[in-house]
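We just call them A, B, C and D in the order they show up, numbering each chain from 1.
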Amino acid sequence: MGDIIRETGLKYRNWGKWGADDELGTLNYITPEKIVQATRLARRGVVFSLAIPFDSKGPQINQPRRFNPIHRMILTGPDFTSGAVKRPGNVGFADDMVIMPLQCATQWDALSHCFLDGRLYNGYDANLVSSEGAKKNGIEKMAQGVVTRGVLLDLPRVKGVDWLEPGYAITGEDLEAAIRAHRVTVGTGDALLVRTGQMAMCRARGGWGDYAGGDAPGLSFKTAGWVHERQLAALATDTWGMEVRPNEIPDSYQPLHQVFIPNMGLLVGEIFDLERLAADCAGDQVYELLFVAPPLPITGAVGSPVNPLAIK
Amino acid sequence: MGDIIRETGLKYRNWGKWGADDELGTLNYITPEKIVQATRLARRGVVFSLAIPFDSKGPQINQPRRFNPIHRMILTGPDFTSGAVKRPGNVGFADDMVIMPLQCATQWDALSHCFLDGRLYNGYDANLVSSEGAKKNGIEKMAQGVVTRGVLLDLPRVKGVDWLEPGYAITGEDLEAAIRAHRVTVGTGDALLVRTGQMAMCRARGGWGDYAGGDAPGLSFKTAGWVHERQLAALATDTWGMEVRPNEIPDSYQPLHQVFIPNMGLLVGEIFDLERLAADCAGDQVYELLFVAPPLPITGAVGSPVNPLAIK
Amino acid sequence: MGDIIRETGLKYRNWGKWGADDELGTLNYITPEKIVQATRLARRGVVFSLAIPFDSKGPQINQPRRFNPIHRMILTGPDFTSGAVKRPGNVGFADDMVIMPLQCATQWDALSHCFLDGRLYNGYDANLVSSEGAKKNGIEKMAQGVVTRGVLLDLPRVKGVDWLEPGYAITGEDLEAAIRAHRVTVGTGDALLVRTGQMAMCRARGGWGDYAGGDAPGLSFKTAGWVHERQLAALATDTWGMEVRPNEIPDSYQPLHQVFIPNMGLLVGEIFDLERLAADCAGDQVYELLFVAPPLPITGAVGSPVNPLAIK
Amino acid sequence: MGDIIRETGLKYRNWGKWGADDELGTLNYITPEKIVQATRLARRGVVFSLAIPFDSKGPQINQPRRFNPIHRMILTGPDFTSGAVKRPGNVGFADDMVIMPLQCATQWDALSHCFLDGRLYNGYDANLVSSEGAKKNGIEKMAQGVVTRGVLLDLPRVKGVDWLEPGYAITGEDLEAAIRAHRVTVGTGDALLVRTGQMAMCRARGGWGDYAGGDAPGLSFKTAGWVHERQLAALATDTWGMEVRPNEIPDSYQPLHQVFIPNMGLLVGEIFDLERLAADCAGDQVYELLFVAPPLPITGAVGSPVNPLAIK
């Protein structure tokens, strides 16, 4: 039943809100003042990387299109120590390369990643995302982002569990309860980091298993309105797909994506590792932070690997 | 004559300074206090991306090992708009991938990128950087970096020229003159951004030409001591190779790299686009900023693409 | 004016000729008897490889989508000689990989490579060649090919020139004249190898230049009927694009491809190196041979690299 | 105990046999007469491809370095049918690419693939196979091969079993028994195709399992002399690694490779699909054939994917 997706998408649609030519979506909520204020949240000078390791042990197991990063050397130490390769002055250099889907590990979804009825965010034609790359809403348009206030909502900790079970649909009430418990606010231009604990679960059971594409805790489709009202700049989770799986709407596929990305123009992050940050926040009870997560400006890309930093 | 390289390297060697197990090098100069102070430099809330576009039009022209990023789609808009591919609910998703050398565009050199006489920074064996990747000094060790104060030194602007000519060797006096002209300080834990204007030159002449590997302005080998004394955390330029080319020492290849990286443990950045930032600094005469430039934590990598952000 | 393309295509269309499910096209002309007869053409036991080297020095210069093969080592001699990597018994192994467009060097065009008005050879929907690969007419369907009689027509030699000039349109008369001069026949099930000498020209001038996609000698659009009547199994040239360039029909792009591939179902080969074979044929005046050119059965591929062998 | 490997290697070493500059090894056993004779074995005009499909469902499961072929489209049918991409005359073209280890599927091992005590076949230094590729014994040197007589030895059929069990070491007696049972000869310059039935086993059990690198039937180390005396040009099996696994010699890794490749200069093929061919041979009781298996001439490669053809 796709109507509820289209109805909800239409209800929270931000097309035209920042101009007919806009390709930034909710990043527009981040004002210069917001950026300055966000930097003041760095109080202890501690930095947390929210990226998982980019390597062959990542979560892309038996996926149809995505695979784990393939890192290969181009030039090595042994090339030089063995005398096989030489440079003047007997110096040595190593070089390397990577082959990876842009959404194989910690990632931003570009606003060109999803489309509904042939339309991208702000009404652009989905045919503009052909084999030639995204001519609209490409991730490179966000090269100056993302710098803003980040807020962590640690749902399992609030609920007193190690992790939310796969299939658990996070509601607006859950988010509000976490906000209250953390004594934090969530507002315009914030990057909301929602911890489900699924990564902790994977580590506890010793492997990614079906983390990529299998059942997972995540946002309920019903949170669309809550997110819209909060005027978030970005939203990221520690799961593969941000929203609850199995999806709540019959015969749908990642329906909340369709509300958030092509309609709302919301920047969505996935596979964020929130474990160390969450432990720190539990320690000092400060759940707000300076969040800096610049995508790689790959021209025409529909996503980007990212090493998001949380600075407290 | 390699002796001067080895002598200079030995003189400014930081091995053991931060422990026998250290793999962070000069990033250790960045203290929590430094991070907090750096964030206060964000005064106007303006963000500058210092990355060039990651695409096929990059500077890697006819290079023996490095090539420009190859971005290819995995799933497209037309797949769905044409009806060739379907998802439940008639939603559509685009996906993509990249193939790229890790040092093909704006980049950090990992401390495993260079070695002299078979030794990496902190004395590790260069054989630890085999075809299996860097087991020591890999870029993933720097996942929590780089957050610190950045200082831009805009040399051509100080000298009243559009750009420094290829082959121009920047001296300690040049750097000091820029510091005075910009009324800025440079000190422990800073990331120093040195603009030579070579990118402006390439744009003026309409192409990268031999930017990658050809003659270039850059730091003189004689600045090694100056850099060492300043206790920089990182140093980046708008050129392919940071140091002046042709190299100043006969029969050598990138000799300053050998002092900076394996001996000093200095984080070096290259192909940083400093043009927009420089224009802004010339406008408000503020040459210090919050610098955030997280590498992608690719396990065992000897470099990383990066989208460095300068926040003022 | 596309009508002439469509009219000609319709005239020589082989859809349904070998069944509604056929995906082999003109390879069907090769009967078991033909194969046996072809093998008897190996009289001297001399083998010619018709492939150019697959490496970074290939012809794909500044192409929008295709690039030269990227060959990278995965494990090397120095890894072992340096002691960096070890295997039991002190043995050593090298490993490697390739990244390449399937049509970057000597190649077969699969019958899924071209389509006209949304239709592939035998009427299949062009949407079956989506980002998920070719579900019809993929090159893997030709895994048992190509084994047949080959005939070389050495046009420049017949005309007494070193090579045909770029822009020269080879006519049916030219082909007939070569057949007469070579005292050879061309018939059902043959693989016709047409030498234009363009590769000799590139070597004489010291580089590929605009070989890939620039002006080139090649078959005139008017040879469509001649080729159709001959009932060739395959046709290959020493040029990038088989047909003459600039194309003869205004506002068209490789129009003869559209007649040959989606309509006729003809297997087309490009970038075949015919130089050594041509010299040999000029020597013994034997222009027929055993031709064996198996594609790599890459599932769903629209082309394949190939090392075609001519055996005399 | 590596001595037996070195002793055996030395005993069957062919260094210098075909000149100090030779890079072809046992392919030298194939004379022009041999080639002509081999072609006469094509009697029925039937062709068998011995390649497995090159795709993501291949046997490289959880391997440290090798992965299954990654095939991706560069340009598709939907790009054109949707109108997203246009060419003059409304024609359409599809393009694609592959990323693959050269030894991920049906393959030839180049003579640069293995080395013992720092030496390749014919005594070349293993350092010549650095990150810059194989400067000696690269697969491109074999571009004119492999055309010769092929002989299939179908061991399980001779033994009356469906397949040889993993760990079964094929002896010279087994090979002789098969030769007798098949009423065939094996001699100088032949390509010997040894069927163990392991692929049939994988298909029967529904998956590759640990086919790549796990226990497998294969040649016993003790067959080294038998193979040497037969003066084979090439030897291929339907297994991942040709020789029996677990390896018979304690503390060794693929010891027979070290005798065959760097010492004997024997061309070794792996992951050959012999199932259909074996069924045909069982039917007509003819176990000799024309064998044509040209490698892709990838410059400096230590292996090559191949689609070997058996023609009867």
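As a working rule, a residue touches a chain if its C-beta (ideal position, glycine included) is under 8 Å from a C-beta of that chain, and two chains touch if they have at least 3 such contacts.
Remember, it's a predicted structure, so these values are computed and weren't measured experimentally.
Trainee: Any idea whether A-B or B-C has more C-beta pairs in contact?
Mentor: Comparing A-B with B-C, the pair joined by more C-beta contacts is A-B.
Trainee: Using only the C-alpha atoms, find the rotation that maps chain C onto chain D and quote its angle between 0 and 180 degrees, to the nearest 5.
Mentor: An angle of 180 degrees brings one copy onto the other.
Trainee: With chain centres defined as C-alpha means, what is the inter-centre distance between chain A and chain B in Å?
Mentor: 25
Trainee: Averaging only over C-alpha atoms, locate the centres of chain B and chain C and give their separation in whole Å.
Mentor: 45
Trainee: Where in chain A do residues touch two or more other chains at once?
Mentor: 72-79, 81-82, 84-85, 97, 99, 127-128, 130-132
Trainee: In graph terms, with chains as vertices and touches as edges, which category applies: line, ring, star, complete, or other?
Mentor: Graph shape here is complete: every pair of chains touches.
Trainee: Quick one: in the complex, what on chain C touches chain D?
Mentor: Chain C reaches chain D through residues 2, 5, 31-36, 39-40, 42-49, 51, 53-55, 65-66, 69, 71-78, 80-81, 87-103, 112-118, 120, 125-134, 140, 143-145, 147, 249, 251-255, 257-258, 290, 292, 294-303, 305-309, 311.
Trainee: Which chain C residues qualify as touching chain A in the complex?
Mentor: Contact set of chain C toward chain A: 72-74, 76-79, 81-82, 84-85, 97, 99, 131.
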